[in-house]
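There are structures below to look over.
Here come two complexes built around chain A, the first alongside chain B, the second alongside chain C.
Take a look at the complex of A and B:
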């Protein structure tokens, strides 16, 4: 698999890193247009109510107010990121369904006036009974949140693979346990923002938005505003982190566009931090019961899995989230017989959406925790159990996934070795422990309508390479990775590449940043485009050099015959003679790429190969539990990740490290606390995600495979690593104090309660003290 | 009532009309267009709005503009040296100490303040003093390495 590569595989800084350190990188809220107005959203103060009347007259009269809009003014068009799941209006039409629901918006000459005007809007609500727990919401007689949705269950799937009844009958041991995974906010540092401008002369709307999905946003705006897609241009400026939360249309996008169209002036909306917490998206809280049947030696024969996801007030990505949490139970472990029952249930709470891992981390928490519990009960080594059950490349898969490369069992071994598994597991003093957990994630989505990417590469007379890509860089470095791919293929340094990305008015179609598919999908599109450019140039040069096209190589800004560097010319000479031969410039190459899918699938209805490739990873944690304060310190996290070939190892490490710390937040600190529908901690002061002080030692181990589909063998690296830090940490806590936690997060209070309970139990049997046991 | 004040920002004196309740962040961003100072929470909890006042790190979102009168204010726009990146900026770039870039100006200025107090702070001091600057992308490791790599270059003045 050794290929001689120069730019791919190099630890290059992001192309826009200098802008970012100089403070010149512009995010949506940094953009100013002449005559710009400012908007503000009025949100529901009640969890569930009919809107009887909205009186906007006082707000309209406030000097400086330029417009007010409510749900009754806007077109009767629902939106949603998953077309089959649309259930939301940009502004509530007749009902509000959670505290924070978008009710009305104002637009004024400055933000303070807009804020004052919002408070002058009087809404008469008729409060309705509300429900805050998915298990209660699913019961007969629970308040109906969306008309006609029985038991508040907007999506339910039941899937069976293999012969589960027969397989359970053949098991030596069967275990059933119930777990809970809490709501987590993505908390990107940049609050959501939108700035819209409308040209009444040609009817064109331009919107700059903090979005991960410019083209989906264009479609949703076109649909909700009832103007053609061709008249909507979505531009993505720098985006200050997304993690899935910026995969949706929000009221700020719609209302900025609405006012811009109505008033003919640019309008900006910026959410406050509290709005980001309450009114955008969060990781779905989920109740999970998992029943696992095994042979004595630890081989999994069958699983039955039941999940209730608390969707909050709307669907957002509901069907996708449920499907992912189902199908990814059959990877990275061989689970030949599986029953999955999943329910997405509405409650009068903040809305669940895609968040790094998207439905899978909750499932992994349950499975990886239970595997450890079973290993303990059967007297098996937890790492060995994982290796034994590991799926391997080329194996048939119960849901028809095609696994071309798989470094999973390697990742378990490497992570275990690096954490010192053999020396430490079960052998450390009370309060110290190690644990591990595995996972797998798709590199994008195979064939779910319009999931394809385009790219254009133009090579000018001076050798400058101009790349157009639809990919949305949200801080992960997509533009850099795509540029590295183009530079490698054309044999030029990255400095020669200029990339314009994520502007629906200029760049080719791209679905956006989700499902960890950007490198593979947009990277392959860019590679096809630059190969096309190279072929045009090579066809011309081959004649000049009296060589075969197939023998030409582009490297170090030179083109020459393979093996004879003296027989060639510089790229610059080649371009000059191309031009002097009266051939048209610039040389343009186009590429479009969609994952090969012999059996296309959305997974909603039929099985099939969901992704072009799958990454595999194991996290191994070492923790220290303070027995007096209950505080858990993650000392060290090893993450062994098979992400194929890393296009940029420094950026890959950054993804892994960020994922680990985010996962640690979910394990130990983070929880969106909701009481009667009210978020109690919607600020950075109260929510508390990890800081420098909690940063563990992180060791990233590469498990390299050479994937045949990804560009230069790359697979995903952005999301998979956030699947299993939480179970690895909780498994390590078990090793440290012998308590099996089933509900996230593991707060000091829970640790102290558990230690107390353990002590009482022991005391009732003997006089042993916890500190001696 | 608005009043005219003078602020010394990045070596320049700006005369600005402000309300007494205007924060320094509002003045920097909304009145002067110095967009490198970011608004992440407006509550003094994330550090994205960090600026240096007489060399010390301050949260400009919870500081009144009038309290900065007569002091030297340094924002990220004033850090580079005649177009060349400051050693901290260069180190963040080279060590991959950033992803989305939103927290980056605040991180760099906080690090500068720390290095202004002591040339060779310990790892613990850096972690403790940077704990008020939040990052959701990097997991902090590469930011930490970027700062450490500068402290290890001996004899430099920051």
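Take a look at the complex of A and C:
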């Protein structure tokens, strides 16, 4: 694409950046309505129990309390973010399944009274045996967490691609290793909140919620409350981060709506940080065994992958998470023969859900670590092995993915060069090391139902360009990116764009922020809408200018004939004469877009092209390990990233930086520590994720490809970069101290223990080659 | 989270504060509030009354007379590490004050408040709901210590940063009570009882911290080892003071036991000796034995012991480097 671009590709600050810096941006908890009441949820203090009785009488009598609700009061409607996996009530009906499970809620004239009232509710529990480990939970005789779910295994898939037996027989070397990836909390800065208001005269419910998917929330509220979807309006105020944790409906949404309907007054719920840690979602802990067969030269012939995901007490996204961890084993590397076995197992612990990368970070940790270990055993260069196995655009894919553009091998080369791979790998003094890891991620989802976005662009005499989009900006800058696309197409500066986003009562349907699809999906919808507006205006102008519509261009608030800027008029003049010609205003353009798909494939049962496009990236880390204290300092992180054409490079860099910090958290700092089902570190202080002072030097390298499907060639840049920082860091630690870590996170204590063990047993190796290598 | 109900007093003088405390023996003193208010929200401390001493004049000072440097109880941590006398002559104290919590804690937190902070434990520093999943722990008013699974004992750890620095400086404190004031060694303020960590009688207020002038002739350093640079409590903190000409040394640790510790055995071993590498190796080995760390946080006791030895060496080499320059 050689076309000159003005707004797309520009490093523009987010449109709401100044508001946020000033503190004037309105998040859910900033909203105040007249007569507003405040809610609080009572949570289970036991990991597994039958609810025998709930006595709410003392709470109800407390002055200031306006309402109490328990599971027995609410409709018998189970909820689940994935329709086939519904297993949860907004408030527990007969059983609690983890410490933190939602039991009852109170609504009062202030939050303090609500908190006091919750403590006055008396619940009689009959405690049941609990189980905290998925491998134990899967055994015969383990406590049954959900009635009728055998071995607590709510989802299991086994898939085979190619001929794995035959391929393994042809391998020169086969390796099998087992890994563990820990639970990680999303920890968005804004805790989950909801404010609901009900108009009893027309039966309409309005809810402001810190949600990533307003339209799913609308559907799930309609279903659980048993009111028509047409009577539910979800408004998304500013959202302070989600990372996947805000895609689900939570008790705060349901209960705010419930009380608003019952009492006819606005009701607000805001979670404490402790509730965010314990009672929302976390990245699934996962046990993984990978068996990889290779030729001597490092070409992967076959893989067998077995995963046990610790789902905690409920399903949330279980089937999607398992499917993603399976299919994305076949990208960015060519794995022609694969057996995948994945189990989602219930335990009496906090619930696993979508988290940036969604099932893939755990798998990538295992695969990227094992690739390094194998390269070492076979005496190959770990970067070379990755380049050799890289898939390329246009290749046939074992799961029928269609790869239009692929900058993966290029990204390995560029990341390796930037980190100084040739000079440093294996050559730095003890304690210093470099490592890298690769990944790929979908730009949204093609084939599932409801995955299309709409947009409306309206142009009036004032020259303001009004955009209506259902895209949910949760802090990543979606509204800015969409506005840049509209501004570019219409030839105006971004200041002329006024975007209204994510209000199910006003804006068109959109599946929200998940699966890294917003830029491609909602961006394409907005582009179609503005093109439609532009065409209407061009059709009118062409007559006036006696020019062909096809020759007109819009640029710098002017419309003119391509190549002859003097033959044209300003946008403002064009609009004025449009109106004076007695044509109806505003000029409205509509667009809706879904990824091209040949058949409706979900990946749960059938293969198919999962996404409209795929991003590719390699991350390279340099670490310094303090041999005395065991502390790992991440010195530098390079990300070479093929996200197609960046609509806004500054926002892409923001995503990269966030990913690097998230990845270093996963590698070195973060772990939701659970003892007997109880989260021991449910606070920012005790959870201890890295802060600004721990950040490394970050270098971003663009590997630009021009994707034919994304708007202006864009692909995703949100989740993919979160996949490989952790294995890159762990691979660098191996280079630094010669220890192969198989479990996350790698704390200073583990480093010291490993160094000691290494000293004691210099010659024995924990890893093994199980075949003739 | 809400604060439990309490009666509020804002005395204008120490005398008035003392007399309020006499009438309300279970009252708690509020200064910076960075420790007390968090515990009150968690309802592990529910005092019937709060005595806010922030309004008392003349408790915020750093002054030097013929005998000592005297620091008022309400002097903020930031004021301490921004004062050039402290930076230059008592660096161990400046370093300790500057590593407390985050910047916000340093601007709100006071010296006496930091010294008198509550002990910490992973079973204690949690919300009321969180704690309801287990029987109430001994420190919070119940029977049992969940760390060791024993009755009527508390192994919570002292985690303050400033105490070890002042212990290494052999600081004294002025305690004001109903009848008179008494001057005691700071070391004697700490009881070693996790349930009631301070040896203060009802109605007594820590009014002043006193550091003898000759301490300024020594070299010193404080090193805090924590998870993150920005905010955390120490996993272990170590303070060291030395008079190079007299070969006299003082060592103190925090976050390693139920109270901040003067490492007397280590000191006895080191005193009179030149600190060669061998001597330091031996001292480090001794240091690990001086405290009884218990697993009251997510960090193992083995790791804490290892760090005690390591940090001793680091503080010594930092102090020696200063002695030379």
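Simple rule for what comes next: the second predicted complex is superposed on the first by the 759 of 773 C-alpha atoms of A that agree within 3 Å, B and C clash if a C-alpha of one lies under 4 Å from a C-alpha of the other, contacts with A are read in each partner's own complex, and residues count from 1 in each chain.
One rule holds for everything that comes next: a contact is a pair of C-beta atoms (placed from the backbone, for glycine too) under 8 Å apart; a residue touches a chain by one contact, two chains touch by 3 or more.
All of these numbers come straight from a predicted model, not from anything done at the bench.
By the touch criterion defined above, A:685 lies against chain B and chain C together after alignment on the C-alpha atoms of chain A. By the touch criterion defined above, A:16 reaches chain B but does not reach chain C.
In the superposed model, A:749 makes contact with chain C only, not with chain B.
Of the two partner chains placed by superposition, only chain C is touched by A:99; chain B is not. Of the two partner chains, both chain B and chain C are touched by A:693.
Contacts of A:299 after superposition on the shared chain: neither chain B nor chain C is touched.
When the two complexes are overlaid on their common chain A, residue A:669 makes contact with chain C while staying clear of chain B. In the superposed model, A:116 makes contact with chain C only, not with chain B. Touch criterion not met for A:373: it reaches neither chain B nor chain C. The intersection of chain A residues touching chain B with those touching chain C, taken from the two complexes, comprises 272, 685, 690-693.
Interface of chain A with chain B (complex): residues 11, 13-14, 16-27, 29-30, 32, 186-191, 238-241, 243, 270, 272-273, 474-477, 650-651, 653-654, 657-662, 683-685, 689-693, 695, 698. Against chain A, the residues of chain C that register as touching in their complex are 1-2, 122, 125-130, 132-134, 225, 227-233, 298-300, 302-303, 306-307, 310. Residues 29, 33-43, 45-46, 48, 75-77, 79-80, 85, 88-90, 92-94, 96, 98-105, 108, 126-128, 130-142, 144 of chain B are the ones that touch chain A when the two sit in their complex. Those residues of chain A whose C-beta lies close enough to touch chain C in the complex are 43, 45-46, 99, 111-112, 115-116, 119, 272, 274, 628-629, 669, 673, 678, 680-682, 685-686, 688, 690-694, 748-749, 752.
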